[in-house]
Amino acid sequence: ANKARLLVKCPDKPGIVSVLSTFLFKYQANIIESSQYSSDPEEGTFFIRIEFYSENLQQKSPLMEQEFIQIANEYEMNYQFYYLNRRQRSAIFVSKELHCLLELLWEWQNGDLETDIVAVISNHEDARPIVESYGIPFYYLPANKNIRQEVEAKQITLMEQYQVDLLILARYMQILTPDFVNYFENRIINIHHSFLPAFIGANPYDRAYKRGVKLIGATSHYVTNDLDEGPIIEQDVERVDHRDDVATLKKIGRKIERRVLTKAVKWHLQNRIIVVNNKTIVFH
Amino acid sequence: ANKARLLVKCPDKPGIVSVLSTFLFKYQANIIESSQYSSDPEEGTFFIRIEFYSENLQQKSPLMEQEFIQIANEYEMNYQFYYLNRRQRSAIFVSKELHCLLELLWEWQNGDLETDIVAVISNHEDARPIVESYGIPFYYLPANKNIRQEVEAKQITLMEQYQVDLLILARYMQILTPDFVNYFENRIINIHHSFLPAFIGANPYDRAYKRGVKLIGATSHYVTNDLDEGPIIEQDVERVDHRDDVATLKKIGRKIERRVLTKAVKWHLQNRIIVVNNKTIVFH
Amino acid sequence: ANKARLLVKCPDKPGIVSVLSTFLFKYQANIIESSQYSSDPEEGTFFIRIEFYSENLQQKSPLMEQEFIQIANEYEMNYQFYYLNRRQRSAIFVSKELHCLLELLWEWQNGDLETDIVAVISNHEDARPIVESYGIPFYYLPANKNIRQEVEAKQITLMEQYQVDLLILARYMQILTPDFVNYFENRIINIHHSFLPAFIGANPYDRAYKRGVKLIGATSHYVTNDLDEGPIIEQDVERVDHRDDVATLKKIGRKIERRVLTKAVKWHLQNRIIVVNNKTIVFH
Amino acid sequence: ANKARLLVKCPDKPGIVSVLSTFLFKYQANIIESSQYSSDPEEGTFFIRIEFYSENLQQKSPLMEQEFIQIANEYEMNYQFYYLNRRQRSAIFVSKELHCLLELLWEWQNGDLETDIVAVISNHEDARPIVESYGIPFYYLPANKNIRQEVEAKQITLMEQYQVDLLILARYMQILTPDFVNYFENRIINIHHSFLPAFIGANPYDRAYKRGVKLIGATSHYVTNDLDEGPIIEQDVERVDHRDDVATLKKIGRKIERRVLTKAVKWHLQNRIIVVNNKTIVFH
């Protein structure tokens, strides 16, 4: 409860770590974890993620944040404090394939996802029993091209009502409009069932089969308005061979998808990811 | 020396394995290894690779091959006998990057490639010392767009002179003309420095860096006249992260390239690969 | 329904494949998949697994099996026919950790395990809700050292009542007596939470942490009366580092355990495994 | 040339990062890379590796080191500055198997190892031609149990003469005496041809074959006086199956050994490794 994370992005120059760590020390913070990256030590951009602990952090934080503004201005910092006592709120969108949803629920139940899953929304009824068995509200919102905006309006209303921080597309097979995507910039994580940039778009397993690849993969990424072109968070692959038909590729692929999506979600919730130039920095 | 391999492709129907194994038994052959695949047990295509041993095989083989014609006709077989006492002859084309060449030479020296490496041809002089230290003839043939046909004519002359069965492009950075490719159909193995079909064409590591992928790969394939679209033999990947610049990706990539190319060459020489519909069946 | 598998073990000599395939052809069988292995083509032991299809197999099989005896005698074969219309029956033993059980149930529900899961038995009540939600009978049988024989008697009664073919220990934390193990020879699959033979016995993750290994693993094996020394079916590993404490190793390990156990169970049910000299041949 | 690395180990408490980074800032150092680890934020041990750049570092360093003593005392630090303009000096011991040596030479020639390889010593003549072709002095020192101390005396003389910082055992098949090991504490890296702690001692591939493992591995570690029990730096594995005999396991193993040893050496030379409690912290 007395833990927080500070993420900073600023022009690189000497002294940044010194000023940040001295500032935190002044607030009796012990730095638990710290990771940094510079695109170029000379004239590049500097990124840092600091996780720290400090007694009575909640009482101190308003003053701390107030005082930090001066440093941020001096060093031209983009920054954000995340307090662990404030749990992030996630919603999951899913269609008929439930493997990714189940994996997320399983990890969440084990306490391995730092989030409250506040709602699951689907354009099919398949997921209802399992979702409700976990005590999570389930919303059935049929969707298709023709009613997209109307449906998205309802979805956004729900997102606002539930104060959703993160939206997870766990094999949600509908395209989102630019308005929707912009509304949740860098806060929608999708799982694409191929090793991007191979097989962008529909039916990647069919196309992988046709091309005769020897490995198939999955990619989790933030959603942008360029289909399957958003910043990649995580990818993984499995070996296949000539005997594997499309149905087998899909089965193997499901195992990849669920672990790749779960990792991406976990890292997002741990504030490990910074998006820059349509790429991700992931601090492990 | 008394070992051979029989590769067969034919319409699938009951009795093929029976007729083949009974035929081989008649010639006192012991089947050492046998792998088969059917695209569909009903009306599909059947493929089989049989490795067998038989005393005095060289004396028996002319009669055996003669008699086999009848079976082949009855079952509409495409087939080929490969005798292990007849070592295949390989040539390697290379440019300035020598890591794949070195790996092949190293495996070959260890006796792990069933081939004689009869010549190395390069459009640069870099590889000469190492190649000649192995006692292998080295040919320097400068190449560029404008003199392509002239150079290929010389290359083909050398290939014929050396009776080359397999041509390995170990990071040879010149494009081959359709005439050249057709001349060596399914006998030219290339290594492409990306996980195909991602990053077809030039500068794949630069593009992988730009896209922010989390794994980079390499692909060995038979060369066809569609650039980087030939039948894939083997692929592999390694994990990378945001800290890896293009130079680092290339270094990591070199390790992938050399193992992926070496595996493909080894399997080809063991007659483990059948090309069908621009895909490969690889019998392990 | 008209599919079967034939597994054979016999002294190697020429003609075995011929006699088997000719026999099957006589029964109009089409060989769908065939894998063989010889420990040594000269005087070794020969193993083969043939999957075949034949119309009206059920009607033919009694005669077929009758007639096969002669071949089996002539070639000194150990053999077994498995008919796919006769589904194998599995029971699962589990304690408090449910991840392996859940993975098995999930694969089973997807139709990816060729078995009926007929009962789950546990020395704890934790698994009851999830098991019963799948409509599978759940038995709570408390167990400890002092009542081991009494409990095993009850377990065997249940196994017999349910006609169990395969017993899966999905993190069942009790030791079985030699009598129990012998009763189910090569039919009990266990998951051990280390990369055997490293960390045999209790608390492997604690010991892996203490030793500072850089990869942790899991091993599925048939249970014998030498603890953790039975024939290994499958193993896998994941990378860890100095930051991972024992709790984290356990979390990572759970993901390895569930995929390693599931693969072993799947292959057993597909009759892909032959045990010989405390090792397994697994025909992929 | 103006780069250095500072490694620090001390009791964890708030303010360490602040004092270190402020100190470096005073010397106009820009922190290029920084990694830290605490065994426990409360009363644990804190470890940090900082790579920094500072103009005219050579001129500043005596004063800098002098002034650092006060901080080190106050925080009870074990620490070491490493200057990149002072290249580390490595020697390699090898026997008859040359694959690890060749990989090291290859990486070194590519500029991927931050070291001068100043000598190769062997108890066989096999490596001489390749070593001398790189212009590296080669010493043939026959060795066996009976003359161990005499040989080690000569080896130590050579090590001193060449001012060796790091000794790499690239498949050197002789045991070293405690005196020798103590002389080079945490400066001898060995490659063991198994996935430790499995198959400690001699003939690991034979024993892996006999046990029927499904993955084989290799382990690089610092040498201590407990055979194969030293701090593990890196491990990796490859998949094998029932068809792989001991000779094949050895071939596959060689590929693992060479990449595992090379990684360990690279990280050591980059001062990424801290040994604590017979385990390694490796800062990536």
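The first chain written gets the first letter, and so on, giving A, B, C and D; residue counts start at 1 in each chain.
FYI, a residue touches a chain if its C-beta (ideal position, glycine included) is under 8 Å from a C-beta of that chain, and two chains touch if they have at least 3 such contacts.
Everything numeric here is computed off the predicted structure, so don't read it as measured data.
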item: Taking each chain's C-alpha mean as its centre, the one farthest from subunit A; value: B
item: Option reproducing the contacts of A-D, where over half of them reappear, out of A-B, B-C or C-D; value: B-C
item: Distance between chain centroids, defined by C-alpha means - subunit A, subunit C (Å); value: 38
item: Centre-to-centre distance between subunit C and subunit B (centres being mean Cα positions), rounded to whole Å; value: 37
item: Residues of subunit D engaged with two or more neighbouring chains; value: none
item: Residues on subunit B engaged by subunit C in the complex (per definition of touch); value: 12-18, 21-22, 24-25, 28-36, 38, 41, 53
item: List of subunit B residues in touch with subunit D within their complex; value: 99, 102, 106, 110, 112, 133, 251, 255, 259
item: Partner subunit B, residues of subunit A touching it in the complex; value: 37, 195-199, 211-215, 217, 231-237, 241-243, 278-282, 284
